[in-house]
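Two complexes are shown next, each including chain A; its partner changes from chain B in the first to chain C in the second.
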Partner chain A sequence: MSNQSESPNPTSSSNKITLKTSDNEVFEVEEAVAMKFCTVKQYFDDENNNNVTSGTSTTLIPLPNVESHPLAILITYCKKHLEIKANNADNKKEMEIDMEHYEREFLKNVMPQELTELILAANYLNFKEALDFFCRAVASAIQNKSVEYVRKFFGLESDFKPGEEEKLREEFAWSFEGVDED
Partner chain B sequence: MERSVSTTTILNVFKVFVFFQVALFVTLTRGYVISTSSFRLTLFVTVLVLTFLSPAHAEKDLSSFEFFLTILTSTSSFVISESPVIVILILTDSSLISNIQQRFERFLVNRSSSSSTSLVTSNNTVLSELPPDVIYEIVNRLHTFRDFIAAAGVSRTWRSVCLSIGRRPQLPWLMLSETLSTDMRHFFSLCDNNRYQLQLSEVQGKRCWGSPHGWVVTLGPDYETHLLHLMKRVQIALPPLNTIRRLAATEEWFHLVHKFILLKDPSHKLSFLVIAIFGPVNRLAFARVAFDRGEGAALNRRGQDEWAIVTNPDNLIFNDVACFKDQIYVLCDNGKLVCLEIDALPEAKVQVIAPGPSEEEIDTLLKLYLVETSENLFGIFRYGDRNPLELRHGTTSFSVYKFDFRASAWKEVIDLEDLAVFVGDGNSWCIPTSTILCRSNCIYFTDDNWEWQRYPGVAYGGHDVGVFNMAQTERVIQRLPFGMNNPLFYSRPIWVTPTLR
Partner chain C sequence: MKVDHFDRLPDALLLFILSNSLDAKTLIRCLLVSKRFASLIPQIDTIFVTLPPHFQNKKRRRGLSRKVFKILARKLIIKPMQVLHHIMTCTHAANSNSDHFLYYSPNEVLKNFNGLKSLHLELPSLGSEIEFNGGSSLLKWKAEFGEELKSCTILSSKCFCRENLSSSSYTYVNESEEEEEELQSFLAEDELKSRIVWTISCLVSASVRHHLLKQIVPNFPTLQRLVITDAGKRGKLCMGKEQLVELRNSMNSPRTSESSLERTPIPKLCMKLWYVPVMELPALGYAMKEVALVLIKPVSGVIGKVVRDGDLLVADDLLVSDDFDGEDEEKVVFGEAVREIIKKKVMYVMEMSSF
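Our next item is the complex of A and B:
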């Protein structure tokens, strides 16, 4: 948790931070939102330490490993996350319920294949809550599925030597019964 | 007169059609490509001939509407009948093809340029190959062991990540008691309510103790003890029980040892420390199991090839053992906590560090367990009804104490928060339930009350399996229907967590 999460309303902080993605799109976000991205926070803190004199920061933070598409989704998620947190500051249970509800709705609008992109972006930005949420979502997407399905889901090909995979199958024969093939 | 003129015109038109078709046939069979422009021109001229030459003659007896209809039908029939030819013409039209090709290429370039940036990040890793730390996060959120196995089969990277995980937060399986005349053993997975069958001839006819490390300890009627890895089916023989049997000579084989506890050896992380609580007065012995019999294990250490007995001058009654922050603790009668130094000189010794939470004896106390997390040490007290006349028993409730190291005393806790605790024959342990699908704040228990088995011919027990909900509003026991029809005197359901390695 960053210090910023304590600020009651994300919109109250007027400072804006500009993020530039790998495909050269520029996002202007609230400081509270940007500070949830630990990578951005780190960069921002370092910058501020380097030039203490510049009061109003007009820093443009480059994000060479993040594209505009996942970043836009992450920003939306982050805003909502802060909002729910602010609305239920004194009730943890209530907050969890609201968050769960929002996350369920959120997943309806996300293609399963987009999740990989989002995970990588969240991982690079070091946005812990989002990473946890997306990993949970992926884990439940590949729940009770076959190895082939998981490979297809991540666009991977088997790189085992011939025979290696058969050995694994033989060893864990019990686990290959009754999985969903699709 | 006029009528004959109009018919001749139509005839002429048909002649043109026939000619055109023949021309088409000839050109196509010769392999020439007719450009669409010339084809369109021919078609246009035909239509022109029909509309501007014929109506002048047809005006008088054919209404212009009817005539227009005739032309329309003839042209459309022509177009329809010639549609394959038209398609062929379009496809063979080089100018058109080059046009399409250009557009297609431009489309492809656009596509790949947008996806290439997403496929390749600046450090040139392919998008679909997730970094190991992310794979780690994902597989640790898989609920069932079966899903974990599937993940381990995805690719080399996934496999190495899965193999690097020793103990992951995962609900154990309930290894059900033996069924006669088969070497198949049934396992019940709490997570997906599934039953799995494993062929395990190694455990047939033996009493077993479970652990969260993927291993079970077995003891057979021949007094031989083994460690068995459930998935790898590797068996390691434990030292002969001679020293233990000398101290408990009258006990039957399945009643000799009450509890085997499997710990990672705090002084040598690659070895296991197997602790046995045995005999009529619950004494303590331990043995070491080294997995690398190489240079590291050359030192002859206590318990290496023998069961080393812990001397017990105060006649403590040992109940359970746990390793917390590299220190071994033992829970004794009424909750007395002692510290065990297995490598102390001249011999292994125990030292009392705190009394039990209450000095008075509670006759409903059935069992005591010691459970560690990374931050806390818990004492779990199991209460129940005991009916010596009918030789019957049943669990009714639990209470939980947390050890306060600063005050050196037990403090009762009424909430286990996000923990799920597992107790029974074998290790007592808990798992955090924050990342997995599991009931939290509860204690899962199996039947480990063997006192009636001392009486000859009594095969009662194994039925006391269930979940105790710690939540203040509930505090109830939900029975799990296992071990009910248990006819075997030595085999009962136990908790064991399957692991890959």
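Our next item is the complex of A and C:
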């Protein structure tokens, strides 16, 4: 099965880079997008150094630690990121506003479990902006929330022995005052 | 098949997520999420703490009183101010129930974070330091301390508002009309007096905070940066690495005599005051009236510097810290206001004795 990501603007008829995920899906992305993934960039540069003659982009880069689902989301995010950056090249403030707006909308369509998945993928790909953004998103999602909410968010069960949790609750009673609604 | 992504999340990454702007309260609560959280959270070295209020109507547990730190608004804030009461025209009477503000001790809140490097402590807004006429006035201060006060910058304005361009009655102030401007820049005596009162109030607040942090610093030997702000975003006290070292050394030396004041004494000061009746910052969409900037240094520090370099006092002005606490948008405005005002001539140079 092949997953072709269509080119949004025909002006950049630049090189395409092919990425292959752990679940054997193949993504063809613009070089500009792929180069934001530092891991891919590193691989790409190494390949080019080893093989000076290959100017063509026939390289297939395997991503054994990334599944297709988070990669597709990351590519979308990355494209939008580049687009916003290009549109506001001379106005940093405008860029930040646009980016913030996009990120807010973006989060509406992402489930908590997906965020962890995205963080792992962004971390492996070494896509710094996305990693920062997702980590911030998780932090703000659990800000001042109950213990139960945080567990649910990360899909965890308590692994404390009976009584241990109560003891901690007693010790840190102050931190349970004024918790936000889940 | 459902993959457990959380288990794949490396510790470093989980730590990175948790240290992302989470406050101490959420972090402490997260200790209970699982054993993994409990083992990672104490490693976080940058913490933001909003000092949590303690509600008195909760049933008292044995030993709890030991943990509770009392900020007696009356004792710490109001009392020193009462000395000034007769010259204060705008002080509200202290809230009758201000004695009931109880807060957990910062040391109690932070006891799990032994490797703390950077701490930002936000104090509750007591709302009784000084109230101003109307909500449009502005008072911001930033102080740097070592063993004692190193510097303090205070920006104040009687009217700070989003500029209403159509109805601005002050547009006639023109840069070219130097003479007129010179006349208007005259600062009436009672106005000057009130700015001095504000200044003293800021210095008292700052020195109370410094007294508070002296109880925190010994418990965190790794601390390299400490900032104390308040919920009202009025004042900001900062200490860097060297200043913390200086404070620790002074606290270790035996000559430190316990002051009866519940604040750090303020040394003899030298201050400069700039004043502008109207400042418009059209690019930012703000206007300020009766703007004053006060720059304060201990006399000893100033003299020491002047001996070494006669021009340093001038250079100092250019290094005025405009890093006040506030909303992001406001901060830009404050920065611009400070840059504008120090272009003018210093209006007053004063000395203030130690208090």
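Observations on the structure shown:
In the analysis below, the second predicted complex is superposed on the first by the 158 of 182 C-alpha atoms of A that agree within 3 Å, B and C clash if a C-alpha of one lies under 4 Å from a C-alpha of the other, contacts with A are read in each partner's own complex, and residues count from 1 in each chain.
Just so we're on the same page, a residue touches a chain if its C-beta (ideal position, glycine included) is under 8 Å from a C-beta of that chain, and two chains touch if they have at least 3 such contacts.
Treat the numbers as computed from the prediction; the structure is a model and nothing was measured.
When the two complexes are overlaid on chain A, chain B and chain C occupy overlapping space and clash. After overlaying the two complexes on the shared chain, residue contacts for A:139 are found with chain B and with chain C alike. Of the two partner chains, neither chain B nor chain C is touched by A:128. In the overlay built on the shared chain, the residue A:22 is in contact with chain B alone; chain C does not reach it.
When both complexes are overlaid on chain A, the residue A:64 reaches chain B alone and has no touch with chain C. Of the two partner chains, chain B and chain C are each touched by A:175. Steric collision with chain C, judged by C-alpha atoms after aligning on chain A, is confined to one stretch of chain B among 56-64, 146-154, 290-298 or 344-352, namely 146-154.
Residue overlap on chain A between its contacts with chain B in one complex and with chain C in the other: 116-117, 119-120, 123, 135-136, 138-139, 142-147, 150-151, 154-160, 165, 168-169, 172, 174-175, 178-179. Those residues of chain C that touch chain A in the complex are listed here as 4-6, 8-10, 13, 16-18, 20-23, 25-26, 28-36, 38, 52-55, 61, 104, 108-109. The part of chain A that touches chain B in the complex is made up of residues 22-23, 64-65, 67, 69, 116-117, 119-120, 123, 131-132, 135-136, 138-139, 142-147, 150-151, 154-160, 165, 168-169, 171-172, 174-175, 178-179. Only residues 113, 116-117, 119-120, 123, 135-136, 138-140, 142-147, 150-151, 154-160, 165, 168-170, 172-179 of chain A touch chain C when the two sit together in their complex. Residues 117-118, 121-123, 127-131, 133-134, 137-139, 141-147, 149-156, 192, 194, 196-198, 231, 435 of chain B are the ones touching chain A in the complex.
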